[in-house]
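Take a look at these structures.
You will see chain A twice below: alongside chain B first, and alongside chain C after that.
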Partner chain A sequence: MANRVLEYQKKDLPQNMSKLGWALFAIGALAGVAAFYVDNTRAAYNYLIAYMFIMSVGVGSLFLIALEYVAGADWSVPFRRLMEFFAALVPLMFILIIPLLFNLNELFPWMNKKLVEGDAILTGKAPYLNSTFFIIRVFGILLLWTLFFYLFTRNSMNQDSTKDQKFTKRNIIISAIFIPVFAITLTMSSVDWMMSLEPHWFSTIFGVYYFSGTMLAALATLTLAVIFLNEKGYFGKLLIPDHLYSLGALQFVFINFWGYIAFSQYLLIWYADLPEETVWFLHRWSGSWAFVSIFLIIVHFVVPYSILLSQPAKMDAKRLKIASIWILFAHILDLYWLIMPNMNEGKSGGAVFGWIEIAFPVALVGLILVVFNIRARNKNIIPVGDPKIERGLNFRL
Partner chain B sequence: MNIDYTIEAPVVEGRLTLGDIERLVAAPMESKPDKKFYIALSISGTFLLIGAVLLAMSFYKGVGLWGNNQPVGWGFPIVNFVFWVGIGHAGTLISAILFLLRQKWRTGIARFAEAMTIFAVMCAGVFPIIHTGRPWLAGYLMPYPNQHGLWVNFTSPLVWDVFAVSTYFTVSLVFWYIGLIPDFAVMRDRTTAKIRKTIYSIFSLGWRNSHRNWQHYEKAYMLLAGFATPLVLSVHTIVSFDFAVSIVPGWHTTIFPPYFVAGAIFSGFAMVVTVLIFVRKIFDLEKIITLNHLEKMTKVILATGLMVGYAYGMEFFIAWYSGVQVEQFVFINRAFGPYAWAYWIMVSCNVIIPQLFWIKKIRRSIPAMLVIVILVNVGMWFERFVITVTSLHRDFLPSSWGYYTPTIYDIGILLGSFGLFFTLVILFTKALPVVSISEIKAVAEGAQPNHGGAH
Partner chain C sequence: MKEKKVYGLTALFDTPDRIIDAVKKISSDGYKKFDVHTPYPLHGMDGAMKLKPSKLGYITLVFGLSGALFALLFMFWAMSIDYPMVIGGKPFFALPAFIPITFELTVLLATLSTVIGMLTFFFSFPSNNHPLIGSDYMRSVSADKFGISIEAEDEKFDDIQIRALFSKLGTIQIEEIYYPDTETFPMFQKKFILFLLVIAILTGGTTYFVLNKLLFMQPFNWMMTQDKLIPQERSEFFSDGFGMRVPVDGTVARGFLPYEFKGEVNPASFLSNPILLTKKSILFGQQKFLTFCSPCHGNFGDGDSRLRGQFPNPPTLHSNRVKEMPDGQIFHIINNGQNIMPSYSSQTTVEERWAIVNYIRVLQRAKNATQSDLEEIKKESAANGK
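Right after this comes the complex of A and B.
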């Protein structure tokens, strides 16, 4: 039994993957830098979209790891290492945040002291929405996430060589602590980075809404990595459609969850029709934004729902790959829809789309590939020392 | 205790043979009811009668006997309705959603939980109908063209409730019955008494355990699980809409739908655990409904309890963050106003006490578990009370503020609903297999094909 697992030890990923990653990242980053010179505000908003996407994948992967431990899942054990690679985006966010720090005034109206003083509502929110507390929160949260990332991966890596079950037990405890921390910090991040872009507006479900997108982004990147590595033979021949089914089913669950949350938020605000709440949707309905809003429903719910509904679709690597790429695109679109309409705040309504909107996602994809490659270097691609690895590989529905 | 993570804990303990499983589950139906059964039945029957009598008086004299009045027009009836619908949700979660997610441990508890769903929805259904004051007119809730020119208001979530709950009840009943068919066949084959054999034969629909039978069964079961899943979510979502679509501060908040669903699962699991603790003991099912099952359920209770706590916190935070004064007032009034006692019962029972389930010893101790789950039930009833009453009793006009007190009739009818629920549960344990015999056989050790090793 042990020999079978040994086949997976330390294989290098294909060279061209790393090259492609660097190329995409270089092109995107160059274009991004140019974008900051051409139109600083617009570039800052786009950068925020990319930053939130990285957050989705990074901390979302961390949450999936914790979920696996807490739920005692075995099917996902062979993929857990891949999630750990993606979670490495979390510490990187300390660097990625820098361009945002220089543009906070561009992004957040409540950073403008004069505006706040003349506005009773914003003055009321000032104890929470002020730049000092904002910075404390943002860095505090990044520190916490990085700490959990470090603990999870250290225990998991140590287990590779020692095969000691105590690391599993430790990680279960860490996961149980992480999940409530995650709920609070992710909500705070969504309020801070996205809801407060429109500082008058509020919605209690907003944190849950962002969470649903986070899960989809993390699951879709994981699925793509699993399918790609499996095609190249990195999992031997042991991954079967049952494993893919589980990934597909989870994607399907969260597609529905996103639809449910988005619908709940919209219906309740539309039905009550209170001006302080409807304003946010009205901004997303002015001019060409109306098309983006309709498009979002189709892209983020109707299409992936139709792709993933049937059982064979969840077991078929090809269709699952299409669904995953589609979902990643949908998540970018979702973030675009959440963030960009605040750039003009209804002044000159209408969605903007051009090379700047393409540059950042390109850099983003490149960056994820690069980080994945660097993390995977000289490491086992599956957690060979995990006590549940055999159960995971032998998983049958 | 050290766990070996390399092996999966068996779902059924004690290496029962398939015959043992049949005998264990069929035993309550094949023995004469004993004294304990009659005592339990008479207690729950008494409560049911109390409720029936008080309800009859309410009809005779009018619903003015209840505490409902301005400004709190929605008192106990709505609170009880939401409470019972919520209890029902755990059943569908276990029988349908956990089935779709291929959780094998659900087999031991699914039948019982599903039965509780049906009984709880029955209890729930009573309340909105009696709350109308003239229950004999309830038929008009169905939109059909009639000579009175009456037509329902489709923009009201109360009407959506009628459709959602009745559809949910129907699908749950069919789903439950489909699952029972193979077990009816088992009972038919076991029994020798003539009348019972005839009854079981009719309900087993000519089941012969053939491959064709099973194939159709599996397909139908899967499809119904697929139907039941969105239904169960829609029901409590719509129940939350009853409150949230209005512009009453404290009711209108966007997190209500997922928060209500999480709360429903929370309270439903607490009720399932409460009842199962007794059932597994009385009917000797401890090897089928194991301590591991109960522990898993306490984990679900802990998780959903945290979600509910998250929603409480988020509501408070956004009430402050929104800068809307009435919103802020309602929440401060909730926590420190005249109903603060109810609010703090809710918070301590739903958020603080379930935190004890972080400790493994408590998760595996039956007495501790029983106390906590009963408190969760209390807390979840109070949650609905807090939402309904505190938001209404001080509305926009201070001149019309008031304090709602339930009357003896309100309390009696609530007790009556518990009587109805437990009477049905007790009768169920004697009339039908409380655990799915065929599903348990499929997860018993040695029943699975062996995939490991040789290929």
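Right after this comes the complex of A and C.
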């Protein structure tokens, strides 16, 4: 088994995938621009959902890469390159953030100086929640993530030609540094972008909550890419159900983790029943939002849990594909549930849904496809120089 | 000599790769009753042995679900039906609060049923004996070798063929395993049971000694030790060392307001009866009269003491003098005492004394009932009782 030659040949991704991506992106982006003219506030909130989704997939993939190195995993080595492609969304966020920067006043109540002055709680939070520090944080975090993305991918790419083991060792060290950085920066990002939409409210578990969604989004996109490319034979040799099982099991784990975290947050707030904490859930229980809240439990936990519970389901490409698409939808719904209720905060009116809410996810899917295609051009789909690639391809449970 | 019965043939291999290749060959050759023993789990072994997925998961599923259902139903019954209690202002069926317990019970039943199911259905518990136990083969595979054993009960079992196959696959040692001479369950041997007993006593004794004597800490002392003195205890705080203190001068106990006309002759004009003449207050007064007054004054206030002349009999309460006394004066006498009668102010409360006064009035009227009184009573009882 030792001296088997890797039968991998570089192949370009199918053209129609790129075309589909551009088409979706063009339609979605056009509709998005129109949305900003029609209803600026609503478009800004929807854009934030899309932005957070991109963050989930991009940084989540980066974290999965780090996890693989630190844990010394074999099974995920053949598709680490795919995670690197998805992680390319991180530097792109420097451009994607621009529309948000123009709409910060629309989104964040604490940007309103008059409101802050008349509010003791917001005045107390002002040293953290002020526009200058916010911009510094956001760009600092993006810079950090981009730096790690650059280091990871450069080492990984260099290894393709040199087949040098020292790159793996370097990446292990970088991963060990990245993981705590990731924990802090992701928590800060979730607090900055989503929790501060309702600046009076606070939940210490919020960062972890967003992290669980992040992992699900990154895993689901990765699984979809793996299954799709595997069917078309891009991995040199066919991946076996054991690989899919590992992906499915991780998805299952994070479905449970999400349920656990979401319920923990709810249980503590429900039990204590303190007005300053319950207000957030009350906003998500007013009018038609109650249905969205119930729907979220079913979509984000009950259904994927049932789909992924049995062992054959995790090994079956078809069922795993359904589960992955479902989870991506669930993550969008989760973000919608986190962000949108703040748009009409204090005013009457329940959940809003229309073409604007569809436009941004369409653009989002297109963008991810496009970025994946551009990154994958002229590159090996699997890290051929990685010392663990053989073991990864021959992985058995 | 009786010939030993053959259990099977075993072969040892050096590396995990070798054994996986060997297992693949053996399972593809059509052997069914064989087993593999390795010092640690090997990736891909299930596939090489062509094992079917285990059915154990179904036991786990069924018991897990019934755990969830039982927990929910039980809490629903206990908290919402049998003994509804308001806790923290939550509804009787407080689902979020029930979920952690439901989860725990689900996990508990699922894991327990998995382990017990595994032992009973797959490990043929309580038998803990196997021909392989004690063999050189077992010693090797639990250290650093990888082994295959093919049972003699296999349809294709053939000593010479299997030996040839094993050596072709690169085995380093072949061993023949026999059933033990007698079918004994090591579990029921005297030595084993004695050993268990000794271990139980040793661990139990040690645990008891360590936890209760050596490392004893009060689990929580919120109520066991308090900074207070129990009655008759010596006080370190007060200089006279008395733990029980005399109340400050002028302290009044609840319900025992001091009688302000003590020693005076007739303050009746200052006292008026605050208790209404109701059935309830009369019955209350009767109870108190029978307790405190009747020993001397008699059950009906006739002055016929039950003490049979040990004290001078008190006068009757039905004399004209007592009949004409205002309520306040009788109250004053109970409070203050008269002639040989002591004060009853420490035994009875103000309310009780006034109730007694009322009862005395009832007795006086009953003793001298007029014709109209009797007619009234007749009318009343006719209206009430049938």
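To be clear about the criterion, the second predicted complex is superposed on the first by the 386 of 397 C-alpha atoms of A that agree within 3 Å, B and C clash if a C-alpha of one lies under 4 Å from a C-alpha of the other, contacts with A are read in each partner's own complex, and residues count from 1 in each chain.
By our rule, a residue touches a chain if its C-beta (ideal position, glycine included) is under 8 Å from a C-beta of that chain, and two chains touch if they have at least 3 such contacts.
These figures come from a predicted structure and were not determined experimentally.
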Simultaneous placement of chain C and chain B on chain A, clash or fit: clash
Partner chain(s) touched by A:271 [first = chain B, second = chain C, both, neither]: both
Contacts of A:56 with chain B and chain C, given as first, second, both or neither: neither
Touched partner set for A:128, first chain B, second chain C, both or neither: first
Superposition-derived comparison: chain B or chain C, residues of chain A touched: B
Chain B versus chain C as contact partner of A:203, first or second or both or neither: first
Partner chain(s) touched by A:397 [first = chain B, second = chain C, both, neither]: both
Superposed model, chain C segment overlapping chain B, candidates 184-192, 274-282, 310-318 or 364-372: 184-192
Common interface residues of chain A - those touching chain B in one complex and chain C in the other: 267, 271, 396-397
Complex contact set, residues of chain A against chain C: 1, 242, 263, 266-267, 270-271, 273, 310-312, 395-397
Complex contacts: residues of chain A adjacent to chain B: 74, 120-121, 124-125, 128, 165, 168-169, 176, 179-180, 183-184, 187, 191, 200, 202-208, 249, 256, 260-261, 264-265, 267-269, 271-272, 274, 276, 386-388, 390-391, 394, 396-397
Of all residues in chain C, those that touch chain A in their complex: 17, 43-44, 46-47, 53, 57, 88-89, 96-97, 99-100
Interfacial residue positions of chain B with respect to chain A in the complex: 2-8, 100-102, 230, 233, 237, 241, 244-247, 252-258, 306, 310-311, 314-315, 318, 321-324, 358, 451-452
